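The following pair of complexes shares a single chain, chain A, combined with chain B in the former and chain C in the latter.
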Partner chain A sequence: MAAYVRRAYSSFLTHVIDIPPRLLSLLFLSLLACIPVIVSPTALSIYFLGVLITANIMAIFASSWDLLVGRAGQISLGHALFFGIGAYASALVLRYAGLPLWVTIPIGVLVGTLAAVPVGFPCLRVKGPYLALVTMALPLIATGILYYYRDYTGGEQGLPVPRFFPFIQNLYHQRVAEYYLTLLALLISAIIIYKIVNSKTGIIFVSILDDEVGAKACGINVTKYKLLAFAISALFASLAGSLQAPLIYLASPASFSLNLSFYAIIITIFGGIGTIYGAIAASYIIYFLDQYILTIPQLEILGTKILPLPTVWHPLIFIVVVIIFVVKWPRGIARFVVEDGLTELSKEREIEERGKHIWKKYKKKKQEATESTAEG
Partner chain B sequence: MSLGDNALVDILLLETLLLYGAITGAVYALLALGFTLIYGVAEVVNMAHGALFMLGAYMFFAFSLAPKNPPLGIASPFALEPGLALIAAMIFVGIVGSIIYVLVINPVIKDVLASIVVTVALAIVLQQAVYIEFGGTHRPVLPFVSGSTIILGVTMTYTKLLAFGTSLILFAIIALFMWKAKIGKAMRATAQDREAAMLMGVNTTRICMLTMFISASLAALAGILIAGSTAQPANPQMWLTPLSMSFAIVILGGLGSIKGTFIGAFVVGYAENAVALLIPGGSFLKGAVALATMVAVLLIRPKGLFGKRIELEE
Partner chain C sequence: MHMLEVENLTKRFGGLTAVNKVNFHINEGEIVGLIGPNGAGKTTLFHLLTGFLKPDSGTVKFRDEDVTGLEPHKLVNKGIARTFQVVRPFRHLPTIANVMVALECPRGRKKIEWLKTCERKALEMLEDVGLSEMMFEPAENLAHGDLKRLEIARALATEPDLLLLDEPFGGLSPIETEYLTKSIRRMHLDGHTMIIVEHKLHALMKLAKRVIVLHYGEKIAEGTPEEIAKNKKVIEVYMGKAM
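Moving on, here comes the complex of A and B:
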């Protein structure tokens, strides 16, 4: 037992503490996990937790988009389709089959994942701008169908969904429980996505992104892997959708909206496309900026009020920032920090380690030499 | 509904469908022409096309005569006649389009995803800018001419006929311009091979900018015509429907093909009106049917009906 603990500790040291990006993400995770303990239960902190819960959900959604587009290269502009299918499938099962929430969410995720197959098939035949436009059309078609069958789906009103923890009376405690639930979901999905990205499958995804014909020539079944990318990505997107519905007490038609898809794209590009961590980090940064930097501080320059800005200006500012990022700095903020900043640190450490190793070898040789001369 | 009423509707149904489909098709052709031009010449999927459409309707509203918009309570500082306001709005939106092209689209022109993301972002920027300037309320764009006539037993407003005529004439002018004029030939050369056109002394950036100017002003005109002829109030979120319509049309016909756009526009126009007239409650399915037609066509022909590039069409 003690040996296992020691081994786990040493592998923690080598695999987490020694790699600066992982250490940073561990610190960030512990900070996030501590937030409900740090803040005092006031009305403002309930609001604050609500913002963080949205950021958690958007982080799952954006990282699933990043897996599909940044890694497998299948440009999707309508990722909200899966988000909406997840939300509506779980809400419809809950409404018409009367199953409890904990059963309907896996059903929603399953339906969303299976929906990736009929969606993926038309997308296999088209490429580039055609693919982008077809994927963008799909949630619009879904919205049309949703409004047409308004007797069952509630139309613009949406479907009411019960909250996660109706048995907790205190609103603050309810928020804390929801916060930990979403954080746990984010953690699990981030780890799974990270593992997939770094596995053989993930490498095949990148090969399809780089050169589809080349991948085909290497004997890779491109069709299978494209569908797989769609399915994995749809799984996490529909997880985000079915988790969000009980948080806002509603499966709303806004979950099919293009704004949602674009928001995921904005977050991912701001963080750095193709890096899963970038999407997650950027979702916190953007929500933090939106809610705190632009809303709460007071700032006056030359007698004109600069901050807080009216809320209509917020999207404008983000989007201008995103345009500047895409045009001038396409690698994204998180990638810049991790690849240019932290990786340098770890390299130095490696050199240091190697230096120590060489120094040991040198000492050993010297010792051997002195021993041999002493013998001689 | 009694049997007699049904019979009456049935008598006029075909004529209504015929006329309304033709008018919708013509205006959509104008709308999608800009989208297909900028794709054909610069290979940019311009997602901001719908936003330029919306901007056109708002600019017409801003430039047009103040007394024509009495319920709004604000006097336009320009107060131009409708015809002048139309031209002013078109030029304004065209200039906005060219500036957008030079500043934002040109640097990322090689990357499909980046150009799509940038133009989507621009659409939201324009939406927010209009929202900040004009507010989120619906602004009615009043028709230029009043009155109506009866064709084949169906009442037609003059604005609808005006929209139909203007669209067809402009479409013909642009198509002729592309085939005959020197600048049109330069555009086609750029579409065919950017580098080769550059070597032949064509300033490709300027040609793309000019294409964007034409494309944006066509979008603005379509915005004014649609907002005026259907008495649809202008609001900052109105860009999504025309955008999805124009890409349904353009993909149906083949991205970058003028002939395909013309045919695709009429297919979508008739499909949309048929769904709205024949299926009860079908107006919710209007957009969905157009887009589903597009997906179905793509399944059979992945490059659209006429997946040929501009330069090859003579």
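Moving on, here comes the complex of A and C:
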């Protein structure tokens, strides 16, 4: 019985999802674009669109983390720093310079990108786990500064930001407009990140990830490229941050939180580190789990309330999932996607086939040898 | 004028002097062997020449230009490339991309055109060392002998004038050694100057016209392979003193 299940499972894996990546991403995108058309304007669907908008923002954020860590190998545990800088820079400019919202977002992105340089320089002197610790400390420091200058930054209250489309009266339509805006931002940043990853710069990033000394011996200015990776990654992280602030009407100190940094890591590892598209797809799955499976259904077993689970428990569940993924499937859900014409699984199968071929040859030889000795 | 001139190069690690006042020079178009027992400071000397370590004193001149203590990537741009004793492939990248990292490609007008010329160039490099069949294979799937050759292809892709090979024959079978000897000869004919560190003296003596012997960081002998083979000091270092 178990063997049948396993066979059905493996054939499902190799045959059902063998779709070319371009077609797959097109299907995925068109599905996302259709969602507001399909759902009916109810209170629940407003909530649903809110979840999707957050997932869009987190997809940008997670893919920027993936570019830095999965491609360039610079482990950052405090990526929320750039997210927060993006949110606060645009909110502060909006508040004190009185610029319109649409102008403040590029300014937030610019400040976030420039912040990568002073942050990156000292960070790049250290490597691996030490870099991770240094980067983890930075958003915590930023939160402290935020609370100290509470007169300007609003402290724990955050800075209020107007919404994107105040002229649309209907809340549902407002959500739809915001949804398409974030989807467009996601699409553009995903294309740019994808192009960078597949250019020579992307190859150099991977070479730094694999072997820094080897990259140096190839004539690559490793410091420059690490800084470049930091800057590009900060650009998209701060874009996500400055887009999120008007969506929740607030530049909140939570955008510097450790939780946010960890969500980027959870999403990316779940989706397959270093793949970019994996992080984007996983963002929707994780947020669906987070906001639906663990939040809405009512479940009681023996009089104990199992679901909905308090939000504070969600990261723990995801971290367990991530540990399972790291151990069992390091490529995450991206293992189902065809890359270079071969999935990981069909590669395995090919190796198996090759093994069988060699075994047949060996048997044949042995048979011939015995025949010749029998003749002799 | 010598291609590379090394004067009084010294490197200390705490109390240990790994390289002690070493003087030598390399002429254009030469193959020079660098030998010595384990811990003689050969690899440290390589690190000093290629900028991975900074010397405590002494100078390195490349084409009459002082290049002491420059960063590795600047030295590569000046034309000094190296390979490593332990192979350092980029494991996640396909073999061809391993070479493309090191290639300096002229920027074409169109990006695809540029990628194509870059790829074609990289493929030529791989063909030179006989790895063109494995071009799309990730480097982590390659055998050790192939990785050694990939390392050389990568060093060649930086278009060096001076190539420093750190134990190119280490861990290779006799057939692979033969093959690599041939390709090193071909590279020499193409005009590459080389310094080779090697423990397989038999293979090295066939290639090198001049051999430098290091012992405890000091240069103890220099000369043609025949002279070195007869040198009493060298024999003492390798075999121990006569009773």
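Criterion: the second predicted complex is superposed on the first by the 291 of 376 C-alpha atoms of A that agree within 3 Å, B and C clash if a C-alpha of one lies under 4 Å from a C-alpha of the other, contacts with A are read in each partner's own complex, and residues count from 1 in each chain.
Simple rule for what comes next: contacts are C-beta pairs under 8 Å (C-beta built on N, C-alpha and C of every residue); 3 or more make two chains touch, one makes a residue touch a chain.
Bear in mind that the values here come from a model prediction, so they are computed numbers and not experimental data.
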Of the two partner chains, chain B (first) and chain C (second), which one does A:T42 touch, if any: first, second, both, or neither? neither
By the touch definition at the top of the document, which applies to A:T311: first (chain B), second (chain C), both, or neither? neither
Answer with first, second, both or neither: which of chain B and chain C does A:G144 touch in the superposed model? first
Taking the superposition on A as described, I'd like to know which of chain B and chain C A:Q157 touches: first, second, both or neither. neither
In the superposed model, does chain B or chain C contact more residues of chain A? B
Would you mind writing out the residues of chain C in touch with chain A in their complex? 50, 52, 71-73, 76-77, 81-84, 88-93, 97-98, 100-102, 104-105, 111, 115, 118, 136, 154-155, 157-158
The residues of chain A that touch chain C in their complex are 199-200, 203-204, 206-207, 209-211, 213-222, 274, 340
Residues of chain B touching chain A in their complex? 39, 45, 104, 107-108, 111-114, 116-118, 120-122, 124-125, 128-129, 131-132, 240, 244, 247-248, 251, 255, 281-282, 284-289, 291-292, 294-295, 298-299, 302-304
Where on chain A is chain B touching in the complex? 69, 75, 77, 122, 125-130, 132-134, 136-138, 140-141, 143-145, 147-148, 150, 258, 262, 265-266, 269, 273, 312-313, 315-316, 319-320, 322-323, 326-328, 330
